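Inspection log for the structure reproduced underneath, given as C-alpha cells.
Order of writing sets the labels: A, B, C and D. Residues in every chain begin at 1.
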C-alpha cells in the first residue's frame, strides 16, 4: 500500500465496525473476524484483516494487519491473522465483496443449528430484505446457505466456494452452531447487510418457534 | 419557510427522534422514515421529511428536506425524499397529524404478519393505553389496522386513506412484514405514541404467543 | 422543609432513580411515578413526588413537588402531582416506606395479567430474594399481591390498604395490566427492591411460560 | 502485599470487571461477587475480593479488600468480605484459578433450576466453546455441574471441592436458582470464560425451550 495513512484509514474503519458489532452483542468472548479488500494498486496485499484472539470491545487499528492472497502477513506488525482467514480469502475470490464480516449473534448461532437439516434458510416476505443490494421487493426470496461447521478452514473454503460463485443476490451464509458470514461491495454495504440479516434472523427465529406467520403477499 | 433557522429547528427535531428510534433498535439497515408537518405560512412547503437510504444511527439535519403536497422537493439540498413519502402525505391529508414516524421494530414486524389475517390488532386492558391522546381508561379499545405490504406507495395510500378518515383515536397502522406507522398532533405526541405502541406490541406479542392473558377488568 | 437545598437533594435523588428506571426500559411513554417520604420536621409536607405526564428519559428536579398527607401541593412550582398520588400516600400510611417507586416493565405488566386470577404471585427458590430486606434464605416465600386495575385511585387505595398493613416482608404489589409498586425504608432500599423484583419477575415469567422449573431445595 | 499501588491495581481490575458485569445485566440488586488471587509473595494475603452488599453499578476499588486463606480480612479498610468468600477460597485450593467471578444472569439462574435434576449441563456443538482455555473444537464436550443452593457456604464448599479437583477443562459451575461461578488463569481469561458461558447458556436455554437443535457435526 502507498502510505501508512492509507492503511490506517482501512484499519480504523474495520476496527470501528468490529466495536459496533460487539456493542450489538454479536462478538462475545474474542470471537468473530472482519476484513476489507484493498485496491489493486496495493498488490501483493489483498486485504486488511483483524488479528486472532482480540477482544472486540476495545479493538483498534493496532490489531489489524495486511495479508496477501495466500493469507501471509505482509506488514511488520508481528500479528497473527484470524484463524478463519481462509474463508475471507475464498470470498474475495468467489465474489466481488469489498468487505467481509463474520459475527456470532444469538439468532444466527441458534438458527444455524435448528435449520441445519434444510441446508439453507429461505427468507421472504419482509420489507427489510430491500436493505440487501439488488433486492427491490419484499416478495423476493433470499437464500442463506447453511454449512456444517469444521475446524479445517481450507477444507471449508473448498466446500463453500463453488456454492457461491454466480449465486444471485447472495450476501451471506451460516456455519452450523458457529455464526454468520456477510459481505458487500464495500464496508458500508457489508455493515448494512449485517444489520439487515441480524434483524431478519430474529424475525425468522421467532416465526419458526411459534409457527404462525402467514404467507407473504 | 421564513428562514433557514426555522427549517433547521424542524430538521434537528426530526433527526433527533430518528436517532432515538435507532438506539431503541427500531430502525435497522437504513430503513424507516420520519416527517413533521410545517405551519401553513410555510406553503407551498407541506412537511419536512428524511431523505432516502440514510443510516439512522448518525442521521442529522443535512439528511432532511422539505416537500410540497405532491412530494416534490422544494429546497436546494439535492436530496431524494423517502420512498414512502406518499404515505406521509396521505396521513397529513386524512388526519390532523403534526408528525409521522415509521419504524421497523421486531415486535411490529412480527405481529404485522402473525395477526395479518385478522386485518387489525385490537388492544385493550393495558394501563399504558392512556399514553395515547384521548384514551382515558385501560378499558378503552384501540385498534391498529393491518394492511398488506406493497411496493406501490401511491396504491397503498389510496387503499389506506378512506380507512383512516374519521377513525376515532386512531394513531397508527401496521404494514404486513414491514413495520409500524404512528402519528400525533406534534413531534412529542408522535414520539410518545410510538413508545406506547412499541411497548403494547411487545405485550401483545408475548400474550399471543403464550395465550393465557385473562380478560381486562 | 427547612431550605431549598434540602428539597433539591430529595428531588435530585428521585429524578435520578426515575431516569435509571427509564434507561432500564421500565418507564415508557411518560408513564410511572416516584416519591420519597420527608422527615417529620418537614410537616405538613409528607413527601416529594414526580409531577404528572413527564418524560422519564429527561426528568429532573424541576418536575418534582412536595405534597401533604391529602396530596395537596405545598410549593410554588405550579406542578400537578402524579395522578396516582393517592396510592403513594396510602403506602406511607400503611407501611414504614421511605420511598415508593411505580414502574411499567414488560415482565411486571405481563405477569400482572397472566397470573391475575391467582390474586398473587408467590416467589420462592431464588437466591436473589435475599436482596429484599429481612429475607435471609432462598427458601423464604415472598408474595406479591395482584389487584385489578382501576382509574379510581382513592378506591384502589381503600381496597389495597388493609391487605398491606402488617403483611410481613411485603415490599410490592402488582396492578393488573398496569405495573409494579415497590417500596423500601429509603430510596436505596426501594431501588434495590425494584431491581430484585424486576429480575425475579423475568425469572417467573419464563418459568411460567415453559413450565419446567423444579421445586426449590 | 508490597505496596499500596500494587493492591490498587488488583482492586481496580476487579471493580472494572464487576461494573462490566452489571452493565451486561448479570449483577442485579447488589448481588454477585468477584476475586483475584494474589502472587505468592503477598502471603499471608491470598486474594482480593469484593465486599458484601455493594451495588455493582458503581463499585470501585474502595469496596475491595484482601483476605487470607481462612477468609480473614487483612487490611485496615473495615470492610466485610462477600458472604460467599468460602466458595472463592475453595476454588483457589481446588483449581489453578487466578480469578473467580460469580454472576446472576437470567439465563444462568433459569437453567440452573430447569436443568437441576440432571445434575449438570453438557454443552457441545457450539463454535464459541473454543473461547474456553484448552477447548480446540466445537465438538468437545464441556460440562457445567449444577449443585443445590444453600445458605451454608462452608458446607457447599466441602460438597463441591472434590467434584472439581482434576476435572479437565472445567471452568464453572451453577448453583440452583442462584447463579454461575466461573474462573480462569487470570482476570482476562476469567472474564472471557464468563462471556462465553453467558452466551452458551442463552443458546442452551433457547434450544431446550424449543427443543429442535440438531446434533453437532
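Going forward, a contact is a pair of C-beta atoms (placed from the backbone, for glycine too) under 8 Å apart; a residue touches a chain by one contact, two chains touch by 3 or more.
This structure is a prediction, so every number in the text was calculated from the model and none was measured.
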Residue numbers at the chain B-chain C contact, same meaning over half shared and different meaning under half, come out as different
In terms of mean CA position, the chain most removed from chain D is B
Chain B to chain D, mean C-alpha position gap in Å, rounds to 46
Note: chain D sits from chain C at a C-alpha centroid distance in Å of 32
So chain C residues touching two or more other chains come to none
Contact graph of the chains (line, ring, star, complete, other): ring
Listed in rising order, the residues of chain C that touch chain D in the complex are 125-128, 131, 136-138, 192-193, 195-196, 198-199, 202-203, 206-207, 210, 212-214, 216-217
Chain D partner, complex, touching residues on chain A are 28-31, 55, 104, 106, 109-110, 113-114, 116-117, 148-149, 151, 175-179, 209
